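Per-chain residue numbering starts at 1, and chain names A, B, C and D are given in the order in which the chains are listed.
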């Protein structure tokens, strides 16, 4: 065996080995990636094609840009995209600020920290629909807060089904703060104590340490978390469908109406492609930015 | 990597051949019994034996308010007959699309019976989902069905294949503890809204029948000249859109003055919730919705329904047998059960859903403490109006969103 | 017991050459140390011997038989890792017995040999502890026990002492050497610590940038390095350029700016050639003795305990000079020093 | 002064603790109590403003909900689907996660992006594609279909957690085992698997809870036949009809098992696993 192997020239042997390694990789990757290829990529390709009138369901297939023209010409669809971008941005910014503060404070030892570090994860396992219900019972007109304020003659503003999507943002913040906090706490606890101690030693106040040391060193986590939350919220369906105003509607709600109520797969696909494309652009920008960022931190 | 992927795409999207309807040349449904011999009189004798051998009926029920009740009634039917029924609460539009998609794909339908939204019946018939049996003429319990509702749904003439199971009524609801004199005309409503700005809630017409019904009532009031079009059910989609365009102007004018003082809600129930939370003093509702939620303690005792003098539209929804069913006889038996006195009266008592059966005596069947959530019988008969051509409503609603809501 | 031979081993990672045509022979029972700065390829070479890394070219021979195609688990080498690599989920005795279990030995035999190994590293009482319950030194012993218990043909050490404090390191160094000699097992030891290499090894192979630049006994590589980097790496040294003036019975007479210094024979050096001499600070004596004595001025003195380290300037050239003990000469003081009788000629930049 | 406050002298620490618990009760505990109260509202009396606490409580809503099979079926469906999805994800993610965590892959970036995609893709887009595809495959409205779509969105978390766990096993330990004579199978059995077990457990728990929570895909692919608890909750929250009291009942039925599960397995939900699942992009 060894002699046989020795007889083969070195280069070929290396190639054989490389091919074998590649085969092993392939076999190992096949279950997971194969699954995703079949059940994610295929439908996505279908959505993309259907957005151009191909593979149409219930109508003749024909290449057309009409669906996109329809979307862009329709103020309702345009408004829904803008509305989704709006509450995604709002949710991301508010969640980021809150979770930065929470994560930073969680780095400090205080009585009951362990309980808090368990409690704050509850929203992670609570379905967002449950969150919607719980928040509704609190902040809706007629919710607990408005009832508590009634005797004082304070009129509680409309926070649910309102035009500014405040209820949507509130529930999404409730749900996303823990996710962000998990990511940010992990990053922050990775910052060596020496570094912050050094900054303190050089005369920085706690706030200055937070601003000049903690936040910059957490940037990779901050950007990743923000991206995840933003894209996730941008396509959110259940919360906006329950807490949204009659107008404008979130893009996902418009899509589901097109699909479920009108079986208008073509238009929904065009909208879906736009949503995906916007997310992809964002992801691309993120990677461009992160490359610089990472290079700087290394 | 790309090639196999494309291959997969092709395989998975290859169109499935349309399948021709099953059954005899006259009926699009397969039966054990001879359907051509079936009449109202021999119904029970003919259907029952065959039905007994069939079990596992699937019944799609789209009405939110009836979901709980019909689950119980289904269980009772099973107990009586031994025929198991799976009662599924569905979203009307979704289920419609599902059944159509299944029919187009040549797949057996997920449901054997569908109690569905009446404006879906046109599309469902076109797609061959509805068994072409004139249930209204066959079911013994359907003898006394109101003629206006028997053979058409929302203007679509189905010839009795869809039996009217449930009648309902759009209305205004108000809080009688805070509103002594409820608005009874559109003008009074406008005045009321101006005096109590933000305290009137209207359902978005694209999000709930209480809203689109209100829109139809407004069309009837402000553009009476279009009445012929409203009730012309032979219009094409384009003609309907043109009619809506023509008739909407005064309605839009009214709405422009009303809009600053009202709030839109995005579902029938949210309008009622606004009332319950004291956010609204007046709201557009379905009468049976108000009633049902009242039984669950979600409507304050002081809430009352009222109809505008110029009329508000009422409607109803029907149920039909799905053409691809393998359990036709059991489905027939079940449909007849749903039209029975007991179910129809339970329905009224527990959910405020009116019946299409004119001879059914319901007087005294409503518990005293719930009767106040129904429109008085005299007012109902005087002010109810049939719903107009649904295609006009759809076109009008689109215009409404564009001109009023999105502004 | 075995003889290990590497022939022209080359390993590239991407475009970087980690190991560059390394050839070396380790005789039966010999203790060879691969010494070099980090990144010189010594650990990679060790892993190639263990079969954990596949060489791109070259052969690994054990008792004359090529083994480079054997997977790691059939190499019959045992390695002690820098991190110890103790299995955190196994007790001490389970860790030690792991290799024996892999060889499907009987339970009794495993127990017996684990017991012996524990005794050998003096850890008898700790057999049921988990690694995280042990001190660093104890973990190190477990790692050693785990390696020797399989009775490997070749024992491999990858900087096994680098995670210990200085005192413990020195003690374990002695223990390791004693253990190796008792077992008589062929050993390859990787380190960047020159003192460790000198203390432990039969021979030291000095590696730079993937190559073995010099190999010899500790004495040879320290006292008479042939290569400039070796001299530099193995402690403080003085370099002095000069011209070969004459050759006499295997000795060179080299004329340097500071005077005549003799050098050991080196291959291929001709009279008239300019060479670099290397000599250690302790070879320069303070005071006037036989040989070339010069005067210089102390620029800087630091007391190191066993010696005092002086930086001495003479004729524009600075030299490092060590004097045993702690006589206190201050900066600026004029002193006389005697250059060493012999120095080594080194090559290379 | 400043120092005491922010860096936590003793008073500062107590202040921080009080603050945290205050916020936690406001955003977690009070909503839960209000949720419980809503499920106990007496339908004959109701709970209207300005009452802060219902004047009369009853179990009528629970009785009403439990008298129809709907909620029981949804419960069974949820807890039937979740373990199947978890097992499927584990089976698919183990080899792939291993490859990502431990092997040198040539197209690593692409593969990582592919695995990331379902996490950041809006569920509704996937649902649109899968919905139409499953109708053609006859998988719509089936448990199989729902299991398959949930797996699409949960598999990436599993793969990422498994990969991170495998990655976290020091190469030295693997090398040591091989060096000590472990061939691939004993290596996996005696060293690798015991070392990654906590990670696998965390991934499994994560997937299980994820499946219990998943809504949009289940909704679009499973409706109306496959109704899980979140779908039912959506229905009662206004998706179908807005019946707050019933929604409260469903909420409790859904919430209690998940929170219990979380507390039981709190230790496995370590930050690093969670961060691996959500974190790096």
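Just so it is clear, contacts are C-beta pairs under 8 Å (C-beta built on N, C-alpha and C of every residue); 3 or more make two chains touch, one makes a residue touch a chain.
Source: prediction; values computed, not measured.
Chains touching both subunit B and subunit D: A.
Highest C-beta contact pair count among chain pairs: A-D.
Using the mean of the Cα atoms as each chain's centre, the chain most removed from subunit D is C. Work out the mean CA point of subunit A and of subunit D, and you get 15 Å between them. Here the spacing of subunit B and subunit C, counted between their Cα centres, is 90 Å.
Taking each chain's centre as the mean of its C-alpha atoms, subunit A lies 54 Å from subunit C. Computed centre separation for the pair subunit C/subunit D is 55 angstrom, with centres defined by C-alpha atoms.
Shared interface positions of subunit B, defined as residues touching 2 or more other chains, are 12-13, 91, 94, 101, 270, 273, 276-278. None of the residues of subunit C touches two or more other chains.
Contacts with at least two other chains are made by residues 48-49, 133, 223, 238-239, 244 of subunit D. In the complex of the two chains, the subunit B residues touching subunit A come out as 5, 8-9, 12-13, 91, 93-94, 97, 100-101, 104, 204, 206-207, 263-266, 270, 273-274, 276-279, 401-402, 405-406.
Interface of subunit D with subunit C (complex): residues 170, 172-173, 175-183, 186-187, 190-191, 194-195.
Of all residues in subunit D, only 41-49, 61, 64, 67-70, 133, 135-138, 140-141, 223-225, 227, 235, 238-246 touch subunit B in the complex they form.
Across the complex, subunit D meets subunit A through its residues 2-3, 6-8, 13-14, 16-17, 20-21, 24, 27-28, 30-32, 34-35, 38, 48-52, 91-100, 103, 105-106, 111, 114-115, 117-133, 148-149, 151-152, 155-156, 159, 209, 212-213, 215-216, 219-220, 223, 230, 233-234, 237-239, 244, 247-248, 251, 254-255, 258-259, 261-263, 266, 269, 271-272, 274-275, 278-281. Interface of subunit B with subunit D (complex): residues 12-13, 16, 60, 64-65, 67-68, 71-72, 75, 88-91, 94-95, 98, 101-102, 105, 107, 110, 267-270, 272-273, 276-278, 289, 293, 295-301.
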